[in-house]
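Report on the structure given below.
Here the chain labels run A, B, C, D, E, F, G, H, I and J in written order, and each chain numbers its own residues starting at 1.
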Amino acid sequence: MLFQVEMTVKLPTDMPAEQAAKIKATEKAYSQDLQHQGKWRHLWRVAGSYSNVSIFDVEDNAELQELVSNLPLFPYMEINVKPLCRHPSSVREDDT
Amino acid sequence: MLFQVEMTVKLPTDMPAEQAAKIKATEKAYSQDLQHQGKWRHLWRVAGSYSNVSIFDVEDNAELQELVSNLPLFPYMEINVKPLCRHPSSVREDDT
Amino acid sequence: MLFQVEMTVKLPTDMPAEQAAKIKATEKAYSQDLQHQGKWRHLWRVAGSYSNVSIFDVEDNAELQELVSNLPLFPYMEINVKPLCRHPSSVREDDT
Amino acid sequence: MLFQVEMTVKLPTDMPAEQAAKIKATEKAYSQDLQHQGKWRHLWRVAGSYSNVSIFDVEDNAELQELVSNLPLFPYMEINVKPLCRHPSSVREDDT
Amino acid sequence: MLFQVEMTVKLPTDMPAEQAAKIKATEKAYSQDLQHQGKWRHLWRVAGSYSNVSIFDVEDNAELQELVSNLPLFPYMEINVKPLCRHPSSVREDDT
Amino acid sequence: MLFQVEMTVKLPTDMPAEQAAKIKATEKAYSQDLQHQGKWRHLWRVAGSYSNVSIFDVEDNAELQELVSNLPLFPYMEINVKPLCRHPSSVREDDT
Amino acid sequence: MLFQVEMTVKLPTDMPAEQAAKIKATEKAYSQDLQHQGKWRHLWRVAGSYSNVSIFDVEDNAELQELVSNLPLFPYMEINVKPLCRHPSSVREDDT
Amino acid sequence: MLFQVEMTVKLPTDMPAEQAAKIKATEKAYSQDLQHQGKWRHLWRVAGSYSNVSIFDVEDNAELQELVSNLPLFPYMEINVKPLCRHPSSVREDDT
Amino acid sequence: MLFQVEMTVKLPTDMPAEQAAKIKATEKAYSQDLQHQGKWRHLWRVAGSYSNVSIFDVEDNAELQELVSNLPLFPYMEINVKPLCRHPSSVREDDT
Amino acid sequence: MLFQVEMTVKLPTDMPAEQAAKIKATEKAYSQDLQHQGKWRHLWRVAGSYSNVSIFDVEDNAELQELVSNLPLFPYMEINVKPLCRHPSSVREDDT
């Protein structure tokens, strides 16, 4: 089941560079692990911003909450979620 | 080059049913043609709405404008566009 | 799987009273059928408005879309959807 | 008498982890006590967020204020309140 | 129990003058009846607008919904509701 | 001459409790003094919030500014002002 | 006593040209009469818009409401009002 | 050439009182100098706020930028600018 | 003197095609005349929309108002204006 | 390929003056380098603000992201991006 998740990172401008680098590295590893599992199906940067557009593929709302709330950058992001499903004009049979 | 395009359809409530059906059929054919060409890469319905989330793959801004402004439903939609590119944490080499 | 759905009805002020009454009657029957099936788990009026707060219990996003987009008042409503799940502080084991 | 209360937690990102854990534990106990009393009738997590949707069942506006303003997380939350009542299309006689 | 109700009238600009006059006269009578009953405790015009600020005194949310949704101008108004109660700094013992 | 004043208190979450208590006590005394003088005609808590709805009765705009800008909590509040006058449907001769 | 009044005209696009011309002529005469009386102290066009910024000088809120609500364009305008008074840094003794 | 400039002061609540007093004194002197030169034509307080409405009379956009960006309170203000010109219904020949 | 002007066209969906074509042709001729005069310095389409971003070069605010308010599409557009001037980091001596 | 980029600088008010000066100098050099390369085609100050309106000319979305995200002031700015293309009413053959 798909969800569009838009995330905008707002790190405190006084966060020490080392701490920021560490959180970002953990975030990257966490994200890539979920991508390899197929749960984080797409991840795009919004050009000209510190935002991304993501497509999550999860079992249900509870799994979405588990994956998103455990993001290392979760406390520093504005997050917007939209549930998705197959569009009747799609040329594919499934929701890809 | 990718763009996220979010469209919300707002048909006038007094549009005759036959006219609405005709526009929607034209829109569907137009959309499916672009999907087959690979220019309209993804098309999802936002659940509980008359909106979609789409990913367009175009040569440049001018082609995006050409494709979107020729949508049969274009005069009846609110449209929001965001330029996308590969995210540094993506596990893929390209922007898929 | 639960979704909070908030609906605000905006009937055109020039809709004939008979037509409005007919749509509302169809909406009521449709809504009560879904309530009896357990898919529309809660339905509350927001006091001082022509809005409601609803809790839907569906299989997945696709079913939510099917149920909501078939509401007889769908073309006349502003609709806002939020995916819900069990809260870690809930005293119940399930999402009721 | 029912109220929908939507709460979004915004803890300062520099709050010490221990202090945050303590406030959350107190909040959980406070919440569960009100749930057991039947005053906090429903509590759901909004998936993909640090927000909840709650239904309170109180005697009057004054009791709502008392319960909400005493939430341990009250100084750290954005809170939105809507008064609810039975919907004329509800299949139940009361406001459940 | 008190509610602040803010109403902004948006009559269609093509409504026949006679029809508008009739609705306004019915609204005035309805409002004055509720004022005499003590249920519409205060009614002020917002200077420079077609809006009012009102204080309703009702039994519960359901009565608020009944009184407000039966306003003759209800289909033509934007309405905003806030539940009120006694303020701890008030010099009076009750909510006046 | 009446004004509706809506105030929302936003104390810094790191203000020492003692300092906060002192400001609130001064605010209360200031408010009650104006209420006794009849200048702060009504003061209600908005249920479920740290906001109030107030009705001020002043000589003119300048006095409103003097009274509001001297509130001890003034630097910590979002304040919204609306000029009021007698409504033509009011059952009273004056603006009460 | 001064008020800043910002008005944006939104004439229905299907209003017959003759009717629009008539309303505008009446509005102009009404406005100029109030300017000559000194009650409409300043009237500026916002460049690049169909909006104006005005300064009214009235006895009280009730007179503001009387003058504004009798504008011939009143039903076709969005209007925003702010009460003004002398600024403590003004080099003049009065509110000019 | 006229511009309406609306300024809202948002001093950090933890700014030392002495520093705040100093900035305000500098701001006042700066403002009064521009008023005496005729460049800051009007300055009004918005009653019930820490905002002002100002009318600047400058040579061109560049001078507006120079005057506004040099305000001592500039780093602490939200500022909104609107270009003004003579209104066709004005009773005066110039833009006063 | 430069102004950024952003225009979004909102033609009534029931405007006859012939009438729309006529207005657009007049608009195009009007726009190209101003471009040839150097007053409409830049004109870009916002990709994926019925909006444009324009740069006007005018004598003063009054000329901006004259040029913009005479646009044939003026009654059908949302227009946003920002005064521009040379940026201190620009590599050019003038405002190009 | 063109993008309009609007940037508003929001430096923390407690940033040491020396640090601010250093960032601004680096920003200026970075900006002028891109201007000399032709990638930052226009740069204007919005009069009365700490904002600019810029036109970028880049290969694709990825280059826009690279240029913008490396701005020394990037962590301190609100940035808004719009893709541009030639307007059908432009008198020029290209997108200048």
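By definition in this document, a residue touches a chain if its C-beta (ideal position, glycine included) is under 8 Å from a C-beta of that chain, and two chains touch if they have at least 3 such contacts.
Predicted, not measured: the structure shown is a model, and the values here were computed from it.
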item: Where chain C and chain I overlap in contact partners, by chain label; value: B
item: Contact-graph distance - origin chain F, target chain J; value: 2
item: Most distant chain from chain J, judged by the mean position of its C-alpha atoms; value: E
item: Pair with more cross-chain C-beta pairs in contact, given A-J and C-D; value: C-D
item: Most distant chain from chain A, judged by the mean position of its C-alpha atoms; value: G
item: Same or different residue numbers at the chain B/chain J copy interface, by half rule; value: same
item: Averaged-CA centre spacing for the pair chain H and chain B, given as whole angstrom; value: 45
item: Chain centre separation (chain B, chain C; CA means) in Å; value: 27
item: Approximate Å spacing (C-alpha centroids) for the pair chain A, chain I; value: 39
item: Residue list for chain E, restricted to those that touch at least two other chains; value: 2-3, 45, 47-48, 61-62, 64-65, 81, 83-86
item: Chains that touch, pairwise; value: A-B, A-C, A-D, A-J, B-C, B-I, B-J, C-D, C-E, D-E, D-F, E-F, E-G, F-G, F-H, G-H, G-I, H-I, H-J, I-J
item: Interface residues, chain J side, partner chain A - complex; value: 3, 5, 12, 61-62, 64-65, 68-69, 74-76, 79, 81
item: Touching residues (chain side chain B, partner chain A) in the complex; value: 2, 4, 27-28, 31-32, 35-36, 42-48, 52-53, 82-91, 95-96
item: Chain H-facing residues of chain I, complex; value: 1-3, 60-62, 64-65, 81, 83-86
item: Touch list for chain E against partner chain G, complex; value: 11, 13-14, 45, 47-50
